[in-house]
Amino acid sequence: MSSFWEYANPRKFMRTTNWLLPLVAAASVVVTATGLIWGFFFTPDDFRQGSTVKIIFLHVPAALMAINAWIMMLVASLVWVVRRHHVSALAAKAAAPVGLVMTLIALFTGAVWGQPMWGTWWAWDPRLTSFLILFLFYLGYIALWAAIDDPDTGADLTAVLCLVGTVFALLSRYAAFFWSQGLHQGASLSLQPGTRVDWAYKAPLYVSMSGFVLIFVALVLAGTRTEIRARRMKALVARERMA
Amino acid sequence: MIPDLGRYASEVLSAYVVSLALLAGVVAWYWLRARAVRSQLDQVEQRQERTE
Amino acid sequence: MEIRVENLACARGGVPLLDALSLSVQPGQALILRGPNGCGKTTLLRTLAGLQPALAGSISLPPDAIAYAAHADGLKSTLSVRENLAFWAAVYGSGGVDAAVARMNLSALADRAAQNLSAGQKRRLGLARLLVTGRPVWMLDEPTVSLDAASVALFADVVRGHLAAGGMALIATHIDLGLPEAQVLDLGPFRARLPAPGRGGSFDEAFL
Amino acid sequence: MIALLIRDLRLAIRAGGGFGLGLAFFLILAVLVPLGVGPQPAVLAAIAPGVLWVGALLACLLSLDRIFALDWEDGSLDLLATAPIPLEAVVTIKALAHWITTGLPLVLAAPVLGVLLNLSADAFGWLVLSLLVGTPALSVIGTFGAALTVGLKRGGLLLSLLVLPLYIPTLVFGAELVSRGAAGLTTQTALLLLAGITAGAVAILPFASAAVIRINLR
């Protein structure tokens, strides 16, 4: 199999994703649909939470994807800084909006899920707060990309921002937990995935998780292709002006 | 066919509706941008072919 | 103690400008870079000064030898002439502020704030900064812009003094400097040809 | 390097705006909050630590874009980059100059404004300590943000969008330290964490800022 560095050349990446993208897109629709339908229609109500437990099929995958998207952007930024691998820089840029939306979904579903228990639409629960902070980091990252016109300077600056931002995102997450000791609430309702959830829920949960991963991959591939085309257009126009 | 969602029906439904709307929104955004950039690129490429 | 550049290629904003450029400057010599506007004179100077990575080729320079002067003089308008020079002298760890002020005959303006100087006087202060740095290699980008004839002659004289002392100068300009003994290098022939589509290398080619 | 610090301080004094801007903003905020929230002492006392810390943070933010913008416009950033002192040192000195001209005055003014906001008596010591330990981090992180946006057209807004999330840990631990000090709880963990973040930021961020400046000078 050709090595990962072969894909530095956008041409090869475009050829490969020509057939890969439709496959992943179709798979993402199918898997996510089955996961959500299975979770929504065919799971019993939880004896304590009632039907709100059905929200975990949205919240947990979205929350995981929000974090994994940032990790993917971090890795892509490192690959760009170390190896000047164009496609990874553009993939990082393409991944940011998906991460942003996943964070939004995680925030909204988390707030709605906690609402019956906290009695309010928004409670400064440390987990939700750290997603709110992650949302700000995504916003800053996308805004920085948009503000810079030279693509390579943009890739470099956003890569550095991603590296520094990751450290501060982790610190902020810790700070949010430290800061919320005042607001103590039962740990039973844990938003963390994979806690004492019996099998009837775990199965659809894993399915919708993989569905969300596929959605992320499909959108990133599509986004990267668009970024490559935009870069190609910019290069052609630059060459035209130079001629 | 809709399961009895009990007391929190509105919460569960709103969570699903909003989430799916957000997902549809981001997919649409990627799709529209892809189409716009592709058409601009084709335009530039045709212009280049004519001048070469 | 000489500058040697082999097969240098440099780009601006991802677009390659110069290609396969070689030059060398011996102590006591000056090299004037000529060429139409936007052909890469400034880009070449910035690459040699280390502000910008070269795309290809090698640059060998004596270490810690470069004094770079760009279009903008880098003068702080609220500081006086002497304070500006004293700052740069402290940064470069060398003295000679009064000598530089005298050399560029700015003595009368020594204590005037830089904002109250005319464009020509500011330019002379920028050149005085070069004297203060005590660096053997001068890299100047359009040094004589907005200078009157007398000041240009003064500048040429200062450069001649610098060369006599074993220094070197690389000057990018399209105005006549009055330095007949300087070598001239026209950057025209080194213009990067349009990159053939698909060739790897600089950033944008990967996308062509 | 000291010459650069002296030059920057002299420029800040001569420009006049340097000292006053941050302080004036901090004072105005400390006056506006009670007007907005109402004069009840109990309410003010409860929110005083947070308001003072957010005020200090925003005051720092205000003067960040001036750190590199002036040197970028008159070309001295290019000259500094080719000068013998390393860019990392230049960036650290710039952060130090920003801290002296903006951070330090905030630390000195905070107790006075604490009185305005009816801060409880035994919190004043903690307030000054937390600001003293926290504001250097604000300056160094701010310098990183300023470096990121130095060449951009409307960089000011983007600068605050980039820098504020990075300020969150310092804000949380700083304000927490003051409110725990006010309530007489154990303040050791908050202080250690605040100091740890500042130490880490001061040690590592200049390298990131210098790298970003080099990228922007390209």
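So that you can tell them apart, the chains are marked A, B, C and D in the order they are listed, and the count of residues begins at 1 in each.
Please note the rule applied: contacts are C-beta pairs under 8 Å (C-beta built on N, C-alpha and C of every residue); 3 or more make two chains touch, one makes a residue touch a chain.
Keep in mind that what you see is a predicted model, and the values were worked out from it rather than measured.
Comparing the centres of all chains, each the average of its CA atoms, the largest separation from subunit C belongs to B.
Relative to the centroid of all protein Cα atoms, the closest per-chain Cα centroid is that of D. Rounded to whole angstrom, the centroid-to-centroid distance between subunit C and subunit D, based on C-alpha atoms, equals 37 Å. Once the centre of each chain is set as its mean CA position, subunit A and subunit D turn out to be 31 Å apart. Work out the mean CA point of subunit B and of subunit C, and you get 52 Å between them.
In this assembly, the C-alpha centroid of subunit B lies 41 Å from the C-alpha centroid of subunit D. Shared contact sites, meaning residues of subunit A that touch two or more other chains, fall at 232, 236. Among the residues of subunit B, none is found touching two or more other chains.
Across the assembly, subunit D contributes 218 as residues in contact with two or more other chains. Within the complex formed with subunit C, the residues of subunit D that make contact are 2-4, 7, 10-11, 14-15, 71, 73-76, 78-85, 217-218.
Of all the residues in subunit C, the ones that touch subunit A in their complex are 13-15, 194-195, 198, 200, 203-208.
Of all the residues in subunit A, the ones that touch subunit C in their complex are 8-11, 86, 150-152, 228, 231-232, 234-236, 238-239, 242-243.
Residue ranges on subunit B touching subunit A, taken from their complex, read 1, 3-9, 11-12, 14-16, 18-19, 22-23, 25-27, 29-31, 33-34, 37-38, 40-41, 44-45, 47-48, 51. The touching residues of subunit A, when paired with subunit B in their complex, are 36, 40-41, 45, 50-52, 54-55, 58-59, 62, 97-98, 101, 104-105, 108-109, 112-113, 115-116, 215, 219, 222-223, 225-226, 229-230, 232-233, 236-237, 240.
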